[in-house]
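As structure tokens, here come the structures.
In what comes next, subunit A is part of two complexes: it sits with subunit B in the first one and with subunit C in the second one.
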Partner chain A sequence: MADAQIRFRIKRQDKPDAAPYWDDFVMPYAPGHNVVSALMYLREHPVNARGRGVEPVVWESNCMEEVCGACAMIVNGTPRQACAALIDQLTQPITLEPLSKFPVVRDLLVERERMFAALKQVKAWVPLDGSQDIHEGAPRISPVDQSLRYLFSRCMTCGCCMEVCPQFHEDSRFIGPAPLGQVALHNQHPTSTYFRSERLQALMEPGGIADCGNAQNCVKVCPKDIPLTQAIGELGRQTTVQWLKDLFVR
Partner chain B sequence: MAKLPVAVIGGGLGGLWATLRLAEAGIPVNLFSLFPVKRSHSCCAQGGINAVFDIKGEHDSIWQHIVDTIKGGDYLADQPPIVSLCEEAPGLIRTFDRMGVTFSRTPEGIMDQRLFGGVKNRRTCFAGATTGAQLLYAVDEQVRRWEVEGLVNKFEFWDFLSLVLDDAGVCRGVTAMDLKTSQVRAFPAAATILATGGLALVYGRSTMSSNSTGAPAGRVYQQGAKFANGEFIQFHPTGIPGHDKNRLMSEACRGEGGRVWVPRGKGDKRPPRDIPEEERFYFLEEWYPTYGNTVPRDVGSRAIFKVVHHMGLGVSGQEMVYLDLTHKPREFLEARLGGILEMYETFTGEDPYTQPLKIFPAAHYSMGGLWVGYEAEQGADGLMRMKHASPKNHATSIPGLYACGECDFAYHGANRLGANSLLSASFSGRVAGDAVTAYLKSEKKAGEEIESSKCEAERARQDEINQRMIRADGGENAFTLHGELGDLMRTDVFVERDNAALDRALDGIRMLRERSANICLDHKGDWSNQSLSWGRQVQDMIVLAEAITKCARMRDECRGSHYKEAFELKVPEGKFEGDPEYAEYKAQWKANNDQWLKHALVSFTADGPEVEYAPVDTCVMPPEKPRDYR
Partner chain C sequence: MAEAVAGPLDQHHFAIRRLHSLMGIVPIGAFLFNHLLTNSTAFLGEKNFDDHVLWIHHMPWLLAIEVCFIFVPIAFHAVYGVVIALQARSNVSRYGYGDNWRYMLQRVTAWITLVFIVVHLVHFRFAHWFGAESYAAAHPYFLAFTQQGFTMWLPMSAWMVIYVIGLAAAVFHLCNGLVTFCITWGVVIGDDSRKRLSLAAAALGLLLMAWGLISLYALGTMEARGPGGAEPAHVAQHEHLS
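Take a look at the complex of A and B:
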């Protein structure tokens, strides 16, 4: 066994406006730990490496199966879901930092409301005429189209793609890659595409698709392998067409 | 005049459907959740959702779905709501389809259906291996639209604490705590819907998300809501034991030839591959030669429990046994189980192609929950079903408080069919939304705001509980207490039960309850104090655990997921209808139903839970014949 201990360096912050600081922790090694289960151990035994009792580290997690998106944080420099980060596969000391592109609430907990607000901006929903049964389903969708949409429908709004996007940060208006993936998802649906123009127009506003710098980092970190750059490329072409259409309609 | 909003607690499938229906009716909603609603536990359901479309030429029928659900639940669920659930399932799925759910398709482009446990026909719609997430996202999107319209106001990162009750005992609002500031606020509400999901965290580690504590149900139970059939918890035989949770491993592993075994020697430390064949104990194959490793879920769970806890043969002395696939060719496993094994590898770091999986049963779903009623109505076909949009549907025993989803006790009786949970969560949310809409029309008083002094009194009471916990210095760690509660429940209130162990468990829980009054937090501040909310949740989990255990202690029979060996009625081997031995067995079975086919209704008292019993409405299909899966 390489290590009888698990060592952490955790970037902490007591309040949104407080200065961040590093706190080191050591815990006994046991096989099978991931970052979240280790944090659970530490909150039960909140003593730092210098033997000082501290307030337990604050973080967000829920499903612990990499489907809810809650526990995204920066583990050894890479944004990912902490529940799927196995201790045995990480170099120690393991550094944990909050996602840097979102306001820190406390320690590893960040406020990702901006991502959900973006979904409003691009109208990421099908315009239903009520949730009652209308005695038919959606129009037929080919298995090929379904599997294309399925790629995008697994986005859990975790924020990893936003974290690595150079254009997305506190001072920019760029909507970021995740909501663009959701536009692609909806514009491919046979009835949601009725809203297509409105979504594209929203992407032609400041902070829209033109702000993408084509760094292509987003697609590399997505835990669900969502083809974000493909969506962005396609949306770029579609907004150009939309721009021309709008020109003639006016 | 602005209308008084309805409070919906919880934003999984149930809460979001209820919210959607209310918003569509023009009723404003305050939606409370511990986290952004898109992260709710509904997203963990992988398999699918049942609805009869009969697209495979199997002559599947809604009646068969009704029968399967009633029998699957061992007759313990009220039947008129089951009729409505199954009849309305296809319409509900069509709506999901219109919402844009990426259901898997047939070559002709319609929703595909597959086979699921406990039924004979292909009846389950699915979206890849993430059906729950897809359904959740679809309703989340629809609710977001109403958020933009201004009818839905989300309170995410808020913890529901209590109901505000008026002098007549009617629910007129809620209190909740802002998890960032620890500030407690009261919210007057025209009605309240609890949609807070399951409670399996009372078992410590389970297949549930880390927020599925059941604490909100425990809170309203302590304020007078009746809790029903708490003893019925579904355990999944193949959980992957972890430090943080026991992740679900699909049963397909057994179906595809996986062999379950432990080393014959106690505490054998050798790696599994070094243990020769003759020193391996394939206990399922030895004990159940006919079915072997594919015995039904409950039989498998109990056998694993016996090997580990009664015989002390758990792998490395721990709560785990091997599920071995290594004798199968890699190509076969990749083709049949690729995705599932990949998940195992992601979370354990072990290679399931060369190392046996390690598994142990895990608490998975709570059939019991808050008691809710319904109004029955007879159709022209003579069938009794739930009356559409009756204010009695999904109403708890507290007027003005409704419950839907896993936190209620409806539909599943003593055991739940696979792929019926996404259905009941969605359907019951829709029903609860419609019921509250009707309630607001019929109850004039519901629209009036309760006197502010009542709100303030409840807010102050809750704040005082917080302050007391922050100040307390009793030396008990809330996380440790939760671990102990889980250990106790996983030992004595698990897949097999006996009254001596349950008595011991009740004593243990009472001690935990006393100790939980002395929780001392390591975090004393206000800002984002997760220890505070957890400490309170642990107290309420312990109260709920006592209700569950008391129900289990009192029910002296075997039904569905609840198993007491001492009271098992065994089917006479090799005997069938017409044989005198079978007739005797059937008579015993009927007598047992006369005594035990009834809901356990639990009321909270300061001295502990009080259990009374109420009849089950079996008007649709009375139990005439025992279940016989031979």
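Take a look at the complex of A and C:
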């Protein structure tokens, strides 16, 4: 395997408003590489396939174990975590593209602010109004509920689900699937149910759950296997009930 | 101007979406079912069809029912449906999952159904605005009249192609819409229940399709006798009453 190579086709962009272009790279094969470790090699040897010295490719990564969400990009046409994309399992040349639904900062680095804004909009957190004990005894959760909630709690805001959602794009106000999963999680949590109605009402605004088109792409690409369509169904039911309550009770 | 339009639409966004979804099932879906029922009586014979249509034409409040439960809901569902369809950025070429295809087809069949409904209305309901005879003038030989319609302006084979496409589009749109309706409203939640529902909807779709096709088959093959033939049984009776 001494002369074996790893070949990349990388979609690059020098600055936010610049035109994107493709750059090819070739590096020597070494066993055990993943896309991020290969990008690290290219950063040390920033020479493209035509032998020209170029600016090193910019990307984002932290944990290297598929939990932080930072390294999401489109690898061979599918959005996924680059750190978990093993070179030995990919067909070459390996194409890398930045997520297309978020503004590109540079090369493979995108600005995912819209997702965080959506999480704020739907109050996807556990409210705390002080350090006093607000429960008589700790709330009990059955192991069955706990294991479902655990699934949702693993969301790392990577944006893969947003990338494949046909309803989430520049010209739509849809908040996208990931925040929906977080509302489903927080609406189940005993210490987090105080905001339940407020979260649902936020979801009933333009861009909320009604803008989901049920394409069900999101659930198929989530690297953490989060049951997003189940969240959407559950929230469909909760918002239906909330809507009727607001209509007839308020 | 745009602001004034956006205001109430935004304010009632959720309610309008839910209303759009509901309209797809009742009254529009229910109407489609009833319409296929009416048409399929052609398969049972000329008399059955003529009697049934006659019964509809004698329904009290017919125009009001037509306007309130058919025209207005379809117009609302279609206009707002176009708004929704324009927001989609379909990506089946990249992500060819079955569900994604159905999402895309829901929108494609929406456009086809929209065009088909307009063609169908011009063809029969408002044909008299375009120089043809009014459906009411056919009284009481409706099947013979309908059959004539299938050779008016275009050859029958062309009409048949148009109607089969329109039928398939409307049936797919309704049955797939039944599934998404159940997700939207939270009737089904889990993956397994969604799969069962999808199977049931597919079965319903095949059934409705077959039902529609035998109506078209009857229309295309039978020899309606019209005014020359025997009178529909109820004609004389109705004539006495009116």
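Note that the second predicted complex is superposed on the first by the 237 of 250 C-alpha atoms of A that agree within 3 Å, B and C clash if a C-alpha of one lies under 4 Å from a C-alpha of the other, contacts with A are read in each partner's own complex, and residues count from 1 in each chain.
Keep this in mind: a contact is a pair of C-beta atoms (placed from the backbone, for glycine too) under 8 Å apart; a residue touches a chain by one contact, two chains touch by 3 or more.
Nothing here was measured: the structure is a model prediction, and the numbers come from that model.
*Asks:* Spot which of subunit B and subunit C makes contact with more residues of subunit A, would you?
*Replies:* Of subunit B and subunit C, more residues of subunit A lie in contact with B.
*Asks:* In the superposed arrangement, does A:95 touch subunit B (first), subunit C (second), both or neither?
*Replies:* Once the two structures are laid over each other on A, A:95 reaches no partner at all.
*Asks:* May I ask you to decide whether A:48 touches subunit B, subunit C, both, or neither, giving the answer as first, second, both or neither?
*Replies:* The answer is neither, since A:48 touches no partner chain.
*Asks:* In the superposed arrangement, which partner chain does A:166 touch: subunit B (first), subunit C (second), both, or neither?
*Replies:* second
*Asks:* Should A:197 be classified as contacting the first partner (subunit B), the second (subunit C), both, or neither?
*Replies:* The answer is neither, since A:197 touches no partner chain.
*Asks:* Let me test your reading of the model: by the given contact rule, A:243 touches which partner, first (subunit B), second (subunit C), both or neither?
*Replies:* After superposing on A, A:243 lies in contact with subunit C but is clear of subunit B.
*Asks:* Go through the superposed model and pick first if A:76 touches only subunit B, second if only subunit C, both, or neither.
*Replies:* neither
*Asks:* State which residues of subunit A lie in both footprints, the one left by subunit B and the one left by subunit C.
*Replies:* Common to the two interfaces on subunit A: nothing.
*Asks:* For the complex, which residues does subunit B have touching subunit A?
*Replies:* Going by the criterion above, the answer is residues 17, 20-21, 24, 35-36, 38-41, 43-44, 88, 91-95, 97-111, 127-128, 130, 133-134, 137-138, 141-142, 144-145, 147-148, 180, 209-211, 242-245, 247, 343, 346-349, 430, 477, 479-480, 483, 522-525, 527-528, 530-531.
*Asks:* Which of the residues in subunit A come into contact with subunit C in the complex?
*Replies:* Within the complex, subunit A contacts subunit C at residues 77, 164, 166-167, 169, 171-172, 204-206, 208, 210-211, 213-217, 220-221, 227, 229-230, 232-241, 243.
*Asks:* Mind pulling up the subunit A residues that touch subunit B in the complex?
*Replies:* Where subunit A meets subunit B, its residues are 14-15, 30, 32-34, 36-38, 40-41, 43-44, 46, 53-56, 58, 60-70, 83-84, 86, 88-89, 105-106, 109, 112-113, 116, 119-120, 123-128, 130-138, 140-143, 146, 149-150, 153-154, 156-157, 185-186, 189, 191-192.
*Asks:* Help me check something: in the complex, which residues belonging to subunit C touch subunit A?
*Replies:* So the residues of subunit C in touch with subunit A come to 10, 13-15, 17-18, 84, 87-91, 94-95, 97, 99-100, 103-104, 106, 179-180, 183-191, 194.
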